[in-house]
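Across the two complexes that follow, chain A remains constant while its partner is chain B and subsequently chain C.
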Partner chain A sequence: MASAPSKLYADDVSLLVVLLDANPFFWSASSLPFSKFISHVISFLNSVLLLNQLNQIVVIATGHNCCDYVYDSSSPASRSAGTGKLSALSVDLLEKLEEFVCRDEKLLKKEPEGSIASSLLSGSLSMALCYIQRVFRSGPRHPHPRILCLHGSQDGPEQYVAIMNAIFSAQRSMVPIDSCFIGAQNSAFLQQASYITGGVYLKPQLLEGTFQYLSTVFGTDLHSRGFLQLPKSVGVDFRASCFCHKKTIDMGYICSVCLSIFCKHHKKCSTCGSVFGQPHSEAASEPNKKRKAGDT
Partner chain B sequence: MPQVKIIARNFMDMVAALPAMKLDQLYQNAFICEAILRSLPPLAKKYVIQMLYIEEAVTTKSIEEWVLPDGLSKHKVAIDRLLQLRIFSEAFDRSSGTSYRLNPTFQSNLQKHITCGGVLPREPMPSSITARLPSLEDLAVFAFALEQWECFLLQLINSTQAEKMTNISPSMMRIFQRGLLTQRDKEPPRLTESGFQFLLMDTNAQLWYIIREYISNSEERDVDSADLISFLLELSFHATGEAYNMNTLTEVQRNTLKDLADLGLVKLQQGRKESWFIPTKLTTNLSVSLTDSSSRKEGFVVVETNFRIYAYSTSKLHCEILRLFSRIEYQLPNLIVGAITKESLYNAFDNGITADQIISFLQQNAHPRVAERVPSVPENVTDQIRLWESDLNRVEMTPAHFYDEFPTRDVFEAACDFAREYGGLLWEDSKKMRLVVKTDVHMHMREHLRRQRQ
Partner chain C sequence: MNNGEGRRLAGQAEEEDDEDDVDECGLEAWERAYADERSWESLQEDESGLLRSIDNKALYHAQYRRRLRSLASSNAASRIQKGLIRYLCIVIDLSRAASETDFRPSRMAVVAKNVEAFIREFFDQNPLSQIGLVTIKDGVANCLTDLGGSPESHIKALMGKLECSGDSSLQNALDLVCGYLEQIPSYGHREVLILNSALSTCDPGDIMETIQKCKKSKVRCSVIGLSAEIFICKHICQETGGLYSVAVDESHFKELILEHAPPPPAIAEFAIANLIKMGFPQRAAENVISICLCHKEARGGGYTCPRCKARVCELPTECRICGLTLVSSPHLARSYHHLFPIAPFDEVTPVRLSSSQHKLPKSCFGCQQSLLNPGNRPSLSVECPRCKQFFCIDCDIYIHESLHNCPGCESFRHFKTVSSSEE
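Up next, the complex of A and B:
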């Protein structure tokens, strides 16, 4: 699948929507402490605001059970000057982040089974895209938006459908999704997202230098990206997860009406209701006959 | 017709022209570092941020590897700019070649700014005191700035339309008008070509031009230009609409503020004990780089395919500007109706305005209703304006010399070849053995012919 065509921009004003992973299960087990990580991120965000007077930043925290906005540089409530030891952005961001984490904790119903404790990436991606849509509709003169995912938790296969939908709508609106993945193994979802929307996926090797990675790769506006050497994607994992059990699969059954993916043969498609015919053996390559809903 | 262009030179060119010691002194102020960073081309900004925490010098080759091959020209521009502003210092080492390093003061200031944020040297006034005077909300502050600026511009072009005079001293005005107006004896001052082009520039560019003149003139008034520049840049980081106390300012800065108030950049107010100033939108625009070509203000001009212009504006300045190249037909309370005609355009071209300037003015000030349409100005209008301009340029003149009466055909052929080698042959007539050669080749041609004769 070819990656998205990108719009041509004339100036370097950018709107950066940052999706910050605030999943307590991931951070408690991570080698890099959250406090150090946040200080890198805040320095990076300050440097983005420094580059152009009109740059805007929105930070959305991705928790285990919910997502919420924790910082918006264009809102009138954000401070204009810092206290001398901390910048204005830090004070606002850290306050809201604390409140968010408390709220997230309250919503926890039960401990997650096994080691997969994923955060709600689909929720925060959707929120980011809604915000960007609002910016698009605010008039012809708006900064050029892009999404940056600072993520570490593993992929939750149950979010596959929602995340792919979000990725395709980002592709449609020509909003690149960059990802800086700080977890252990590569995230297939984020790799696909960056590949499809024309963004950059990076898994930094030295986490102590996160600021340097962020400012080198993700700091540039969309206009200058055309001239820079950025990390190219190598080996994207395109595996899908099935709709019935949310397992990751390589081969499966696909409904020819709505393209839903199943790992086992079903009598009826759960998404669009089409009725399937008899399964053929795997050796034969004849297509299954599918009839529209209503026939038996 | 010679094309004269006033280049709205970026403020930063002025800063770059300061002597090295003064520039290093300027960098000790964190806000100036920020302002200068904002004015760099985008690629240069990226390099600075990338090198922010690198202590050692980075070789030129490594930096070139950051860019794709088709970005090399931009890369060169960025590096030149950084060297010019002394943000990058160059070092040469025999083994590794040239390498660059960030200016240490600049670097540490920016590092501090990123981690701790910046604190302005002046505190905002508590609202209990400012509330006693009629408070100026955002819109009112903006209206004030606009009014002052327009009044100033009208006075600048010596228009009789200016309703009230600003408080700027006549000598100051003359300095601003230098280059924009000419005065011949017994005649009222007329706008020069540069003056016309100045009027058609957008507000930011005009602002920079005026500030530049103000600063270049400061030396004559015994004000150190570096101090003035640092004060102006600091001002641009104040929040619009907030009142700031004047008690921390020096005498020089207070005088500067008075001048700036006349231009509409700040509003001065006096309380019972203290006085304060309120920066307007024009001040914060001081740090917007001129590379940001899209001016983000509301347009007001609608151009239709029948060459009529409808400008939804009450400003006399806009009327004057439109009068430069179109025929104004009616002036209604909120609307100016005009038409672009051949005569009005010829008038404009005579005054030195180019078609491109007129078209870019119309495009940049397009009313929001038509701004979203592509193109915002109808193509038949833009094409016609360009055609009328090229009408005046039908004849191209090159200084040349005419050679006649060659003795033999061989000499003629030799002369032709010679001229062709030097790229100076403009016209030849083999039958009558006549030749027209460019003036710069004329001397060589004479030598050649003399040698031929011997």
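Up next, the complex of A and C:
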């Protein structure tokens, strides 16, 4: 897909919204320790701020139980002076991040079942998009926003609809979603996000060199990307999973009422209850308990 | 047929004097040519004679909340099913009346521009649906484009030279459209949208019979009028369960036509539920060359049909060799927000703001904008009924119109229900 076109304003100023994965279940099992990873990220963020005086950075931490803003370079509170060894950004970011991790831990209700301990990517994506809309509203001259996901946890299937909604909204506002995935296997959600919005998806091969990957691939603003050879997306899997067995299929049956996907012919749809081949009846509109829509 | 009071009478020069008919939307279309020089009339003074700035933001938000409330009340439960697979025919009136210039530059140009925007929005919200275009000219209805799922072919036909002449004929248009819509599969919802500029219709027979035929074939007809309210249009819409509205100016017309983009509530017995066989092709690598079906030239990239292995360039489409509908999972996901809508947020009343025992949040949860006006007075904010987070009104509008996710509900695992029927 073509990359996002740049708008008519200051064309090399960027607003970088970083979604930092702080899921304790992932980091406790990762080969790269969290502290080393944070030092790579902080160096990268400082270098982005050095590229242009007007660049802005916002960091949102994605935890297992909650998400929150941990750093905003344009807020007045972030002007605290750094100590001799650490920059102002490091001091603020590390403080807030530590508070966040404690809060996240306190919110843990029960251990995650099975082996999937996903972090709340849909939440931080939604918050990032709301912040970006605020920047768009701030007037005709504003930096070009983009989202960078530094993510490693596995995809949580329960977040699929919310993540797709966020991706389509980002596509409409022309905000690319880049991902640097540091987990073990590729994340289908982030690959689709980068493909649909025109961003870059990268899975670094050597995690010790994360700073190098970040600064060469994700450091440049959107206008300059047109002149660079960035990693192209290859092998994005757009096949769907069937709702009954969760296996990926390349041919399936779709319910015409609720668009649920099945791998075999059924007499009745398990999501919306419609009976196939007959006109709708009262029983067809009975809510199914599994549907996420049971909220009002 | 009688011209109803409706919104207001047409802006045609020979109509009677309309000076007493100014509604809150502004001036008559023909008066606007003079009005641009009288912009001071939109200023307001307060009690002491000082100029007061018009609070557009609050007005806009109030308008948005009214719209949201009316939508929420019409979908009384979120269980009301929507017709997601739609076959819509747009009927464009190119009779003499469409060359009137009360909509600048002419009614026909405004209609063409807005139909183009509508087509893009329609395919964005309903990727599995199809549109066909029909024109009425010289009393005869002609098909401009066939029912198809690709926006580009329709837009190209619209951008071509369109000329207006002759009379309009609603009966011929409805006959033609019913003929086309007979052929579609039974799970699809049949809809017609008529963009009517004329004040009369020249029919070869009894239009009431045609309306009954449409009603029997379960075609839902909606009309948007550009001139005045006409009884026969109102009757068509009432009989078939559609929506009738009359536009007062260009921006109102755009609003009215875009209202038809989201799927309407499905009338239960109109479409039979069915399982549709679809394929999910894999994307081929750039260096694997094959002849594609759409352009009939050798190229790399594209998608491979899982049944017959033919190459197609873009999705969604129908494989020309084996007839399988080919889609990708994001196309289906585009419609999921219609099925899982989020609840409207509650307004935070001033009573609550002044009497709150515990401190209310000072910034919007989504965008971190301050919820306090200068001077520490709280500004308008809204609250999600599920997660109880506070949002500013701009985030409220963005969340409900574009994002369809509540950031608060998504950011706290406590509020997420594990839905095993999603991927």
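As a convention for this text, the second predicted complex is superposed on the first by the 226 of 296 C-alpha atoms of A that agree within 3 Å, B and C clash if a C-alpha of one lies under 4 Å from a C-alpha of the other, contacts with A are read in each partner's own complex, and residues count from 1 in each chain.
Rule of thumb we're sticking to: a residue touches a chain if its C-beta (ideal position, glycine included) is under 8 Å from a C-beta of that chain, and two chains touch if they have at least 3 such contacts.
Predicted model only: the values in this text are computed from it and were never measured.
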Partner chain in contact with A:174 - chain B first, chain C second, else both or neither: neither
Touching partner for A:53 - first (chain B), second (chain C), both, neither: first
Winner by number of chain A residues touched, once chain B and chain C are compared: C
Touched partner set for A:215, first chain B, second chain C, both or neither: first
First, second, both or neither for A:207, with chain B first and chain C second: neither
Which of chain B and chain C A:137 touches, first, second, both or neither: second
Contacts of A:256 with chain B and chain C, given as first, second, both or neither: second
First, second, both or neither for A:94, with chain B first and chain C second: neither
First (chain B), second (chain C), both or neither touched by A:13: first
Chain A partner contacts - residues on chain B that touch it in the complex: 34, 37-38, 42-43, 45-46, 49-50, 52-53, 65-68, 70-71, 74-75, 110, 113-120, 239, 242, 284, 287-289, 291-294, 296, 368, 371-372
Chain A - residues contacting chain C, complex: 64-69, 72, 75, 107, 109, 120, 122-124, 126-127, 129-131, 133-134, 137, 157-162, 164-169, 172-173, 192, 196, 234-241, 243, 246, 249-262, 265-266, 269-272, 274-281, 284-285, 287-288, 290-296
Residue ranges of chain A touching chain B (in the complex, touch as defined): 10-13, 39, 42-43, 46-47, 50-54, 80-90, 139-141, 211-212, 215-216, 219-221, 223-224, 226-229
Residues on chain C engaged by chain A in the complex (per definition of touch): 77-81, 84-85, 124, 128, 187-188, 266, 268-269, 271-283, 285, 306-307, 324, 328-330, 332-337, 339-343, 364-369, 386, 391, 394-395, 398-399, 402-407, 410-414, 416-423
